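Common to both upcoming complexes is chain A, partnered first by chain B, then by chain C.
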Partner chain A sequence: MKFYIPPQLTRLALAFAIFITLFIVLRNLLVPDTFGQYGHYRGDSLIDNQQPEIHYSGQEACLDCHQEIEDMKQTDVHNTIRCEVCHGPGEKHVSSGDAADISKPDSREFCGVCHEKNAARRQSTIVQIRLSEHNTGKKCIECHNPHQPWEMKE
Partner chain B sequence: MGNERVKSSRRKFLKSAATASVAIVGYTWLKSSQFLIHAAEPEDKNLPWYGIVIDIEKCIGCGMCAKACKNENDVPAEPFFFRTWVEQYTVKNDGSVEIISPNGGIDGFKQTVPDEDIFKSYFVPKMCNHCAKSPCDQVCPVGATYTSPEGVVLIDEKYCIGCRYCVQACPYGCRFIHPEKKVANKCTLCYHRIKKGLAPACMENCPTGSRMYGNLRDSNSEIVKFLKEHTTQVLRPNLNTGSKLYYNALSSEVR
Partner chain C sequence: MEPNYQHLYEILANSQGYIFPNEIDLQWGILIVVYPFVTGLVAGAFILASLERVFKDKILKPTYQIALLTALSFLLVATLPLISHLSQPQRAYEIMITPHGSSAMAIFGFVYLWYLMVVLLLEIWFDYRHSMVVWADEKKGIMKWVYRILTLGLSDISPRTLTWDRKLGYFITVVGIPSAFILHGYVGFIFGSIKANPWWSTPLMPIIFLFSAMVSGISMVMLIYMVVSYIRTKTMDINVLDSIGKYLFFVLILDFTIEGLDQIHRIYEAEESFETIKLLVEGKLYLTLFISQGLIGTIIPLIVLAFLQFYKGKIKLRKTLYFIIGILVLIGVYSMRWNVVIGGQLFSKSFSGFTSFKVGLIGLDGTLMAAFWLILPFGILAFLLWLLPPWKMVQEEE
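Take a look at the complex of A and B:
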């Protein structure tokens, strides 16, 4: 017995086949290659996120040239503070060696960022002064060496 | 004659169309058989699973973390765009709480409440909590934000459409729309640094060492030791975000 397939069914099946094929093709073309490699995201994005430039080179890079300052710093209370905390990002200075590429802050306000008296700072953790009362008109570094704050200069 | 030409051009068209479709289907088939995408199992037990500790007792509110973060990650310098910032909470004698964060703490804090009115005061550094079940990650409609295999919540800047769902989904306010790139932006735990063995910029530049990050899977790591020895708390534990940023000495006023 001959099996009869109505022509409208054939056409419908053809239309479905075309739609499904088109969907698969478009999906493959539009979804990035590494999508789903590790999870519901583009796997290459992990690499993209590692690309930004490093600006803070880290203490070890500083010590290659400035070991003597570190030795001095180790004798006093600023010993745990890493160089770039005060001197700012050092990557440019490390690669060029130019003194102009690193900052040497010397303002009273800069020291005050940590040492200004504030109720939220514990007196036992950090020495605090009032910038408006403590030797006004003088720069902090005229008396204190920032690398050895308690070795008074005068 | 005319009929003949129509027939021959139709045949030609059908032939070339068939060739083209076979080529395209073949190409996509060869390219990958993954026309339905299966997300791989994200957790690799051999990779570290990063967590963060912030010790409020040690923080002196110098804002060096916020400044270093802006420098390292080229965060726009104008106010209100922060990947990390510091807040000062001041509980007054009458019980009211004053919270300030002038420019994220970058320029330092000026005490706004006179000493005699203060019951207690402390600084709270804030940053992305790198939640294990992050709400921001779940709402992204295009899969542009995700938790990396190391547990760091990251953004795919090339894929983000800037719809801001994630910005409003984050209960900690740690996301913003980058004013130039027009896509979401947030703390990456300095993914580019930790992958090279350097500490994140905020932790590298904390003078008191009040911030710490480490591998929660390694029972001998500093951070696990710290968590064992101290009473720590996460922000908004009721939201069950699986936050991996643990605060030591967190007061109940902190929101």
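Take a look at the complex of A and C:
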């Protein structure tokens, strides 16, 4: 007896063959040329990632002009906090030199981001007060110099 | 207040205690809740269809095609919540063309393609082939060509070929059961394998997902069977409902036991994350876990289903009860997906704080989008039931 292959199977095999061929053709068209150049990603994406605008200048750029503030900062507890943590992204200010291009936060709430009482923060690491009780009505920087917090102003 | 930090104050107002910066915002929103829910309905509906075929449960026959078409409708939509969740949905096809063998996320491409192309479409094709050939002869105009294309141009309906349709269809069903288990077990694995998250990381997760999937799929097919019978003004067969209800009862018991086992294990082990998780389930997840998933979605349906195993009184009351139970179970399973996906992101990995989640209404990641992806499968199902009506199929003697 001749070996019998059901007609459904041959028809489905044909349909799958067409589908797989179509997939291979599409895949060749769609996969970017530089895919796999360095790893499982498009090699050119490295070039794309170099394109975005730079916002942060980095501390070294700040010190070119403001070394004296850094020297002051090194004498007190904010010594490990880098300029742009409080002043925000500084690249615009570095390139323009304009004082309006950098943020100089002076509100009580701003200091409160780190120094408002929070049970989950260690008091021994970060000194914390209650904004609602501690010298209300005055700005923090009227007494504390943010670059030298414990050298109290008179 | 400085505009640079304005948004930070707003976000921080919604968090409690100490959280890491990348935990402020939830990366996986409501659409990632919809995704395992929809995928679960597919696996569950298919497993119900397989019960009829493999175990030759004659009573369930009227739901066989409905279950298959339900599985297909939801499967076609299963990837779409993921795609609209991505901020770059136009890149979604890349997972298919550059598959990554060692990425659990990328494996979904293979799992999905296998289940759609090899299991579900083939099973439906073998099942409907005879009818489609007959319909292609009966119809005129464009529909004639639609059916002819659907048969792939094969019009052979000799008894020998039809026997092979049945044999091959049965073979696909047998292959399909482990495939359905893999499909939804895989979804559970995605969560269960994240060892950094104690709310997710348990080897029981794939099994929990699988059983809740079966629960939701069985309920969904039961509801659709009732609604379809109502729309067609046919009396629904109470024996069918009783039979589905019996399966639902047993699977729900298993589901409840395994999820309970997982929680008991967690409570007894009481690892370092336990205090946080305890606060989580007693606080932010209280409503969705204890009330919605536990009471509404599991305990009440279990009690009513147990009652229905013995009560064989008024048919109308039983039908109403089955309908309500179906809806409650679906609410429960949806809540379970919510508790896993959202719950797992609400506590900080520092175990010292919580963030909160507010669902947006509009946008690619909002409630309306989620509702749309949940409604769309019903539209597809209506179309499929019109194109391939199970009640107009050619009856074959077995």
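By definition in this document, the second predicted complex is superposed on the first by the 121 of 154 C-alpha atoms of A that agree within 3 Å, B and C clash if a C-alpha of one lies under 4 Å from a C-alpha of the other, contacts with A are read in each partner's own complex, and residues count from 1 in each chain.
Operating definition for what follows: contacts are C-beta pairs under 8 Å (C-beta built on N, C-alpha and C of every residue); 3 or more make two chains touch, one makes a residue touch a chain.
Owing to the predicted nature of the structure, the values given are computational and were not obtained by experimental measurement.
Asks: Quick one: classify A:R121 as touching chain B (first), chain C (second), both or neither.
Replies: both
Asks: Looking at A:S45 after the superposition, I want to know if it touches chain B, chain C, both of them or none. Which is it: first, second, both, neither?
Replies: After superposition on chain A, A:S45 lies in contact with chain B alone.
Asks: Counting only touches as set out at the top, which of chain B and chain C does A:Q8 meet: first, second, both, neither?
Replies: second
Asks: Please determine whether it is chain B or chain C that touches the greater number of chain A residues.
Replies: With both complexes superposed on chain A, more residues of chain A are touched by B.
Asks: For A:W150, using the defined touch cut-off, is the partner it touches chain B, chain C, both, or neither? Pick first, second, both or neither.
Replies: Neither partner.
Asks: Which parts of chain A are touched by chain B and by chain C alike?
Replies: Dual-contact residues (chain A): 27, 31, 35, 40, 88, 109, 113, 118-121.
Asks: Quick check: in the complex, which residue numbers of chain A touch chain C?
Replies: By the definition above, chain A touches chain C via 6-9, 11-12, 14-15, 19, 26-27, 30-31, 35, 40, 88, 103, 105, 107, 109-110, 113, 118-121.
Asks: Contact residues on chain B for chain A in the complex?
Replies: Its residues touching chain A are 21, 24-25, 28, 31-32, 34-35, 37-40, 42, 57-58, 60-64, 68, 71-74, 88-90, 107-111, 113, 115, 118, 121-123, 143-149, 154-159, 188, 191-193, 195-196, 198-199, 201, 204-209.
Asks: Spell out the part of chain A that touches chain B in their complex, as residue ranges.
Replies: Contacts found on chain A: 21, 24-25, 27-29, 31-33, 35-42, 45-46, 48-56, 58, 80-82, 84-85, 88-89, 109, 112-114, 116-122, 125-126.
Asks: Touching chain A in the complex: which residues of chain C?
Replies: 1-2, 4-5, 8-9, 12, 17-18, 93-94, 97-98, 100, 117, 122, 125-126, 129, 152-154, 156, 161, 164-165, 168, 352-353
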